[in-house]
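After this come two complexes, each holding subunit A, first together with subunit B and then together with subunit C.
What follows is the complex of A and B.
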């Protein structure tokens, strides 16, 4: 049934015979690797349309107010099984349920609450803060190892090992298994990529297999912890229950796979983008070196300015939803471009400026609403400590490549490597 | 900025009467906005401002001491504090506040933030019995917590509004036997209507509360100056060592009786910019009001004058009032915040946006009452006016948006976790006269239910 309000859409109605208008190719262009280093002009183009229907039927939303409304709208599903045309890339491995990031209430709520019990308030309010000492120690060790190097890669030598060591330790993954875990995580994230013109089949199958293997591995580890608890999150998830009971073995597997991957890639990018941004803004860097107490606010600005998750590709309306005069039909893929909302001039004055002092900074760096980033307190703490340590211990670093080489993913966007040189003392 | 200095807005003398949440936040906002003159805060309690919500929750559970609830300051104030002395009068012509100790505080601009106090048990002799408590101040909560520590055999809670329900919840969590007496037909019915009230009835009974609705306590009995029990309107009697009187609040306006301002039992009436009206309905320009004691017109609720006993309203209204006190006319702002509040009881988090009593219908839009989670959406004449969540606070922002945009009631289909067969039902907001406890939201205009105009002071 044609939707009457579609005709009032600012973009012309699509017709199969005509060539697509430029706003209809925005998603193709955003995901095109050529725009990875600087997608922000495309986001500005998206904001002119507020809601942009794509040639393949996707709907993109890029303005702050509209994204905020949709993130809080209970009619917007995170479960891709609600798509009229299910996207096999986004489905969980055969036989396993989706993790809570891909579920709706009430199941989302139950699973997330159970996973939260050993991680945050109300049951474990001190968990993240108790990691402060460990994170600082690891960050300082890593940074000290870089001091005498003429050049190094911030990603491999610092931004990757820090959060991965922390999340593995927190969950209870032995350090000897980290390389294997990393290989799986990388394969899973690669499977989420959008590469125009390429057959995604093999990549996605590999991702499904990696996800399944990771789930089995974590499931077995949880079994061990069930017999012999070791004080980590896996032990707690395997042994402790609340009024909701316990996670089933399958739920535990998919939940911990999610935590491990999410606690992995995003923080790596946040730290790397942070250092890149500070090196591009020497005044801000000097200021933070002199006044490290400004770092928490600067990290919030970083989350706005270079968010580690650029857009959410998993949403689906459960009913026709009107947004900014456009009706987004039930069952279509709905893409919320968080990084675009973060640069909306109607919400943030002078949005393309990195302002570590910015006030009233309610960004979408961690999303918003019921799926608001589970690990946000940990990511904040890690990034605050990482950047403070880096700028206090390494002075005279400079970028060797600008822009650096980026990872393929347009969603989890960040440099693959960030080669830096240091003035030798 | 020079014109503002010339008209004295950034200097001069400001007096704030009331040193609780609204008074403190207003003072901080005044300084934030560049007020450089003399600032005096008057409070009748000897303490610095403290936070009240924990007093009926964590403090009664022994998880926090009453003395630990001090409100954190947002900034240095450079203010004179007159604590432990109440204001007894206002001379509008001479522009001064009269204090109980005889001091006169001259002002150029005044903020009234005297809030409310607990409505006492109406029979003074019975109220004075050892074992009879109210919960409003830090000292009240401290005394009640101590009494609960002593392990009373039974606690009687009189009134099943939010405070009464939270007290009952704390007692049950401590393993104490508790009886709740409510004149209305269900707990929380005065704030949330009958549909949610019925759910609260089941909740309290499931937690072992001896809930008695449709009755009043006719007498508190004592022996040797100690409470021993109570008599009910149905002829029954109860033995109890502790009685907690939760009859709602009385607005602290008596000190304004001869001020010529529009101040009375329903509060102090003001315009949308927190400027107080005189008794003739003429707006003043040097007397402002904020917090529980203010009655203000709200456009979302048909410009009825509403008074809200909500933490968030005290903060938002204080900020608007303070801004307007130091801003010239064109830069002044209206107080338009959507009302919201929260409560925690029986292990559940209850939150609300809008005004649930401003409604004729209600529908369970998400969740299910049986599963300890729900979103109840209220409508009035076909538009959404309020939403109440139980353990589902993250959805409130969506419903607030619907309230702000006067979205049609009932909400459309498609929400996650929605049971298909639930249809709107009457919201069943009772006449406040039938309740034991006073309402925490007083709608004092003529809509939507004319009976609501009959809120009266006294028991």
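What follows is the complex of A and C.
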């Protein structure tokens, strides 16, 4: 099991503000790869301060009530163009507007509603539910391919291909193009990494280029679908309008890039963190094997316990905002640490325990408020089906590495590989 | 199976409509309509929808007002 990661600090006494364990260095320590396997002790330290100003002027918030209030506060912007000092890592490619995740109302609302039309209620209420059969079939095929292997990598062999196949299918990306799309998506996410002591310039430029290339690719694909619709989301976005009109070509490009990246880089972590958590908690695993109807709640608990998006790095106050007695100034980077709020003992009893029966589980696994995860219903369904399929078809799996090797990103946190061994029958 | 939705809590996230479209429906952009007596074959959908509600507004029971809401 993970050990407390603060043990590296040599000074046991409450430290002066210049010491390396001061709350001003929390963001640096959270993003340090050394803490990727277990950032939770750092989040506990953050919650003692509620709001922690960082050495570079960022403000971190880690307590549940404060995060909830800020997620619902119209004075908190999601548009990084409102930063006093621009953050090159978060800006969209030259000439393109930010996607709706990085816009404020009313533009955010218009763009999100247009993107929602072919995906969910009120206009397409059955779309996600209709995917259930396909998701189950893909999950079963992938799991059956693993049954006779003595060892396999849950990420490369299952948790990655499942959501990627589903999102590409849903949007209408031909399966032959998936490897190229995947390379772009990975490059974009790598550009978001915070690696202390490394020049982020080249990574960011590569990410901008990948984002632009992906946008052009999806724009061209949408053009084809405009002439010849094929029943997928891209065809609907290119052809169908409502009272708000249609997305412009640029808006369509950045919106679909966002959906494709989000569909690529998040659910894979939820599924992998899920299997890791269940294998670390064999009692819960056995219960879910015997009572699969508990799975929906277990997935909610997983979203609380190991959320695939650990913090939101792109909020900015539009005015000075007082939070827990601290004034967060207008225009500074405001980081909401969702994964810390999810472990706040003032909100969740016994928060470090994985409890698939947990009641009153209003977690921040998909955020909260107007930017609440667009793809949440799809991610839920995929993860419920994935974990149910894995535990019913693969019995006797065990972890070969614990903790496993993690991906670099502290935001989209999850194992890079999860090697498992199976008892042979 | 019966359901009750606390419409004072409901914020229109519509997660239930995605997961159980035969039982929950949006009227306009965010007002929720639902079928209190769950139709046959929809139990699993409703349990998924209830677990997914971000504000925990959906209560499921064998009989509304009977054992519904037992915590």
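Rule of thumb we're sticking to: the second predicted complex is superposed on the first by the 404 of 425 C-alpha atoms of A that agree within 3 Å, B and C clash if a C-alpha of one lies under 4 Å from a C-alpha of the other, contacts with A are read in each partner's own complex, and residues count from 1 in each chain.
One rule holds for everything that comes next: a residue touches a chain if its C-beta (ideal position, glycine included) is under 8 Å from a C-beta of that chain, and two chains touch if they have at least 3 such contacts.
All values reported here derive from a predicted model rather than from experimental measurement.
Which of subunit B and subunit C touches more residues of subunit A: that partner is C.
Contact with neither subunit B nor subunit C is seen for A:85 once the two complexes are overlaid on the shared chain.
Of the two partner chains, neither subunit B nor subunit C is touched by A:199.
Looking at the shared chain after the overlay, A:150 reaches neither subunit B nor subunit C.
In the overlay built on the shared chain, the residue A:359 is in contact with subunit C alone; subunit B does not reach it. Applying the stated contact rule after C-alpha superposition, one finds that A:94 touches neither subunit B nor subunit C. Residues 372 of subunit A contact both subunit B in one complex and subunit C in the other. Of all residues in subunit B, only 347, 365-367, 371, 373, 375, 392, 394-395, 397-398, 401, 412-418 touch subunit A in the complex they form. The residues of subunit A lying in touch with subunit C in their complex are 113, 120-122, 125-126, 128-129, 293, 296-297, 299-300, 359-362, 366, 368, 372, 376-377, 380-381, 384.
Of all residues in subunit C, only 13-15, 17-21, 25-29, 44-45, 47-48, 50-52, 54-56, 71 touch subunit A in the complex they form. Touching subunit B in their complex are the following residues of subunit A: 68-69, 72-75, 77, 104-106, 109, 243, 317-319, 321, 330, 369-370, 372.
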